[in-house]
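Below are structures written as structure tokens.
Each of the next two complexes has chain A plus one other chain: chain B in the first, chain C in the second.
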Partner chain A sequence: MEAEDVGSERGGQVMAVGRLGGWAVGLAILLTAEPTNRLTAQDTTAGKHVYQKWCAGCHGDNGAGDGPAAKHMIPPPRDFTGAIYQIRSTPSGQLPTDADLLRSIDEGLFGTAMPGWKSRLSDRQRRDVLAYIKTFSSFFTDTTQRPQPIAFGSAPGGGGAEALKVGRQLYDSIGCRKCHGDQGRGDGPSAPTLKDDAGHPIFATNLHENWRFNGGGTVEDIYHRLRTGLDGTPMPSFSDLLENKFLTDEQLWRVAQYVRSLSPKETPVVRDVLHAPLAKRLPHSPDDSAWTAVDVYWFPLVGQIVHKQRWFAPAVTGVWVKAVHTADSIALRVVWDDRSESPDTAWLGHIGRVLASLDTDDSTREQPAPWPDQLAVQFPVTIPSGMERPYFLMGSASAPVYQWRWSSSSRSAAVAGLARGIDRFDPLPGGAPGAQAVYDHGQWRVVFTRALASADTASQFPFRSGRAIPVAFFASDGSNGEHGTRMAISTWYFLALDEPVPARVFISPVLAMVLTLGLGMLVVWRAQQKTSYRKGRQ
Partner chain B sequence: MRAYLRHPFWQAVGLFVLAYLVIVFVIPMLPGSAMVPSSVVLQYMATVLVGILIWVSDDEARWTTFKEPLHEVLIQPRLKLVRNGLLAAVTLVVGCLTYSQVKASVAAPPNLRSIHPAPPSQITFRGKTITLVGLENPLRKQGEMAPHVAQGRRIYYQNCVPCHGDHLDGQGHFASGFNPLPANFQDNGTIAQLTESFVFWRIAKGGPGLPREGTPWNSAMPAWEDYLTENEIWSVVLFLYDQTGWKPRTWEVSGGAK
Partner chain C sequence: MNGRIFSVVGGMFLLTVCSKGNQSNAAPVAPPPAPAAAADIATAGGTITGKIKFTGTAPRNPAIDMSEEAACKAKYPTTPTEENVVSGPANALANVFVYVKSGVPAGQTFTAPTTPVVLDQNGCRYHPHVLGIMVGQPLEIQNSDPVLHNIKAIAKANRPFNVSQPGAGMKTSRTFSAPEVMVNLECNVHGWMHAYAGVRSDPFFAVSKPDGSFTISGLPPGTFTIEAWHEKFGTQTATVTIAGTESKTANFTFAAH
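And then the complex of A and B:
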């Protein structure tokens, strides 16, 4: 079934076998399971209380993953009645261990709406709720069949460049790229067709954001997922490749190490002020070598859930931004991961699944269409002198904002204009910034360029160095059903066009140093004078 | 070594270092504690320094012994290297500190926000005037609480969870994208301090309805009167208190809650 989506040539066949094997095991459990040793009501009363209070809002009163919040998030909450769990230490097709379930409760599932409850509920409460969750499925009632975790071992040494090269070759040969794409951004040829076993839309994980990997982003976590698969999703287990001697254990670790190497060493930290250094020359192209020396800033984006129509499932998780300026111009480079070069009709099925999975503020559900990808960069109309700024979400009728808007349907052209609220945008005549865009293996890179102060200063935002300039970002992935108010948004951050350090800045430190040294020498001289004076008197 | 341990100067130095280590490394490890901000560390260390100086100067003999090593460094020919080294080091530190103070660096402007700004005495809700002063949650007088709380729970999970979170602690999966962070209802500084009418006002009018001191331009809180009825908002208010266990501030006790 899923094997058709993920499989290819040789690797695909092996995977299909492994997947079916996993299901066979699952089926065997199903056939042999008998409702013996049912947990007594007493055991789960406390757990039921905790569940009803803190979990049912998403997972539903009966554990079917159908709580009131369920249609306001993708991926949807786990349906406990099927006992199919992604994050396990057990072979594909088998039940998770209690420790596996407790880990998901404690740490949450990164990149989803499931938070970690370790600091929120007591040890007792979490154990109680774990026992209760298991009562939703009869698969757990046969306590004679304890799920056995796989003995994972530990990562082999020597994870250098050579090891990553091996990992990369295997990444290609065992079929990872079919879904996760050539560069690992979840943009492989099968990506638009993916859905979970319940038919919900599912993205192939963007392997460049390990802080969003559901089961954790370490090399060990990744290796465990490769061994166990993510049951209920198109992600298969690769354990059978080891059993068939198609791969060695070390080689599978190399794949995990390669996948880990795609993400930054540390989870990006959000910094408030985006510094644009002074450059001799303005880089107009997204792949100009001048950009490599410039510091990069990460700004997270989240769903637009303020104005109708709200959007609860944004595909763009954030933007990587660099900026430089010359004496008279600015260049701003915005890079973001996007699985699709929209508009792309291949994704219409996915859009349909996304729209069907979510409740909307509309009375009627919209029909999927090949919408483009979009980006907006927002500034105020003038640099504010105090802390007051226009409304972060595209200004208001009385206090508009100045925006650059770019769309993948007209890539090398951007529009400048004034937004007066989320649904009103008035382009400014003759004020378009320069724009160059590249789509490269699941990533958009767009550079905007403009004169700092334009000839028509009345309508164009005047950039000035040495000031904190409010800036915000908005992005839409057309192939995720995003257009209009359905987008990912940020709040205000700041852009600073740094000035070179003027010589006069060094005057005060030098003065302070001379003064300190003089005073110090004076103290020493006085002390020595006094001593020799005393000595002289003796 | 023993001589050093007994010497007031080295005792003072030891105490100073110990205090620093405690403040920076031990305090954050205490349960319910957090990293001490550098400005607070500076204040603490200044206090410690004053305390130490009072202690060493309290006794004439101790003060004299305390000063000895300092004096030695100033005059002894054999300590010339230490003396010059100290002079150079102090001079350099002063230079660096001054430079970091005067160099031009653009920082985000201070964001002074009143977290609980004074509410208006009355608001217009979908064209209807509602007086907030003295207003109680009408649902508390309408029969059984359970159905109202259940309605509030449903509305909360359909609308509020992405920001305010499953645990009502302001840590929903969208929370980190916003500044200010969504309100934490578990904290004793939010709904525990407020009347239900205040909470109703904040939900109904959202970020755009904040007065200037509440920095309305930054808040991502929607004006929920666009989505919910009066009754629905009151049920959510009821749910917030029911789920967290806080009791709303009442008009009778406080006379005029802000």
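And then the complex of A and C:
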């Protein structure tokens, strides 16, 4: 169990019980029977030391969320002076409990720059810093502001298909889709207008990525967020619906179960090698039924922070990729979630807020424009013979890379070319791959096709089976202000064009087994013959 | 829609001075909260009245695109607009929150009315757009639209809140614990929806009517700093000294920008 009120203890008590298990801390609290959140006379010197070393860089010396790194983050670091916290167990507007705050410190806030500190700071340090953080707001010393956790209960049984159907209907009827979109990808009609309390841009969460939910991705976590809301953000509490008898508790659980069902059962695991099986026919369309039988691979993307202009707030979190090949051609299907079919003027206000929230690398601040969405798939110019690969970030002047570039402004046309560094791209005449794209409820699905071999072997990358082919991905969401060097990038992965397995691979082991078995039986038979012969002589 | 402001604000005036019924100009579009019951506790005192105007040309209120909300759009014969600057004849300025910023004796406490101030969401706009409320007085938020609204209070001295009302007929009651001018109320589903609540620990406040007039009554003797707050034009102050039950005038003129 976690202690409810660790910060309410005096420093000495924390020291005394710090090395014991959580149950002992809880027991100590029960025995001290102090009111929650009392910080008076608490020694917060130790907490201040931890804070200044580990936290102030983002959250600022005075806790106002204005540290030197803050202007590189969306969402920005928490401003502790208002004591407004997203992840709580308490009703909307109430302070968080100490256990709530400790959970955010311990585990971090997924999908943000806030890491978990459980493995980096000792129990004592985390509790000290928690106590210190509370000193930034007088609300924590206000005795009329005692947080009272909601009694959440537990999920009702019967979470099957029928329950999900109920959840889906409620998702529509209580208006989740207004921000989170029809399919839950954060692309609802109100999504482009969303701001947090400080006026910073904020995305409606993509409900298909539960591993990035701030407060955790389980059904229980989702239900808790529905009850408490995320204070400081546009996400309201839905507790009043229960009080108004607008919904039953079970119905709200069904919403949580439906939201959970939108994400994969397990957090996607990154696999290094993208296998492209041999197919009889090449699927050119993103929604060709042939793709359903093909294994999908997840490649996470991060902001491009190597070259100026650097980009700390990428909107595309990763790509889902499938690949197949025939005897002479390859098809690569890249799918990624994107809240907007850019260029879209509805998002201009959002772009303006994004640009205003982030520091640029130079003094000029760009004006928002309706930029398109973009995707690039990168290969080397030739398959490297050793471990040496070109520079992952679009090659270099001396070692270029081969790329397919696609843009939503001409969605059924892609360009092939050589990139010689992030700011130089030379299209190859006549070498364009085939491209087909679909935008569907917050998701792009693009298929690239090309012949394996090309007459222009000098620059058109020759695909070959049986070799590990380096591949990397780059994506830009134009409606998030991304263009040029502002994009999301991956590292090198590998593409393998699988060959059909020759018949001998299956036959040889069987032959070997039969032979071994036969020989073994022969040996046993001979041994038995000898034994019976000896017995006969005795 | 302004009628409701007057009924609410007027109701609160009645709590302090029953004889100076302030409802004559109010043409309520909805039943006003019953204010008369508390009239007994009212005490006589000084009164400050005034007119609020602006110079220059008022900025045009942006049109609201309600195409995503057919049920709200249907409530308007023509394209609705935001209510950033609501003006009357002769550049009279409505929706100005006028209050006693300082001068009320520090030790004096005032009991908050139990009558709620009603904030209605109707036609995807707030009614009233600007309201005054006392610390501890209930703010009853109701939804007259068959669509999802969330009501977010952005505050510094008060705790914030953010609650949802996905259907018509829903009601939520909230109170504020500290004086604050202003608490911003907004709906994130409909980015154009803004309302402002002036929270005071005394009853000496008013919201200007479409003719720009306001009345603050029941004041004890003393010298007061009066502040007038407008969401686009900023604030102005005046100093008024009251002796006995006299009535003083404080007019404010904002510069449109």
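We adopt the following convention: the second predicted complex is superposed on the first by the 472 of 538 C-alpha atoms of A that agree within 3 Å, B and C clash if a C-alpha of one lies under 4 Å from a C-alpha of the other, contacts with A are read in each partner's own complex, and residues count from 1 in each chain.
Criterion: a residue touches a chain if its C-beta (ideal position, glycine included) is under 8 Å from a C-beta of that chain, and two chains touch if they have at least 3 such contacts.
Everything numeric here is computed off the predicted structure, so don't read it as measured data.
> Specify the outcome, clash or fit, for chain B and chain C once both structures are aligned onto chain A.
On the shared chain A, the partners fit.
> Just to be sure I read the superposition right, which of the two partners does A:Pro277 touch: chain B = first, chain C = second, or both, or neither?
A:Pro277: touches no partner chain.
> Between chain B (first) and chain C (second), which does A:Ala69 come into contact with in this model arrangement: first, second, both, or neither?
Only chain B is touched by A:Ala69; chain C is not.
> Could you tell me if A:Ile174 is touching chain B, chain C, both of them or neither one (first, second, both, neither)?
After superposing on A, A:Ile174 lies in contact with chain C but is clear of chain B.
> Between chain B (first) and chain C (second), which, if any, makes contact with A:Ala527: first, second, both or neither?
first
> More chain A residues touched by chain B or by chain C?
Partner with more touched residues of chain A: B.
> In the overlay, answer first, second, both or neither for which of chain B and chain C A:Phe494 touches.
first
> With both complexes overlaid on chain A, does A:Gly216 touch chain B (first), chain C (second), both or neither?
Neither partner.
> Once chain A of both complexes is superposed, is A:Ser237 in touch with chain B (first), chain C (second), both, or neither?
Only chain C; A:Ser237 stays clear of chain B.
> For the overlay built on chain A, what is the smallest gap between any CA atom of chain B and any CA atom of chain C, in Å?
Minimum over all C-alpha pairs: 28 Å.
> Which residues of chain B touch chain A in the complex?
71, 74-75, 83, 86-87, 90-92, 94-96, 98-99, 102-104, 106-112, 153-159, 161-163, 165-167, 169, 171-174, 176-179, 207-208, 212, 215-218, 220-222, 226-227, 243
> Give every residue of chain A touching chain C within the complex, in rising order.
82, 84, 92-95, 139, 144-145, 173-175, 178-179, 189-190, 193-195, 197, 229-241, 244, 246
> Name, in rising order, each residue of chain C that touches chain A in their complex.
68, 147-148, 150-154, 156, 159-167, 170-172, 174, 177, 188-191
> Provide the residue numbers of chain A that touch chain B in the complex, in ascending order.
53-55, 57-58, 67-69, 72-73, 112-113, 115, 117, 120, 270, 272-273, 275, 300-303, 305-308, 312, 359, 361, 386-393, 396, 399, 466-468, 489-492, 494, 496, 498-499, 501-502, 505-506, 508-510, 512-513, 516-517, 520-521, 523-524, 527-528, 531
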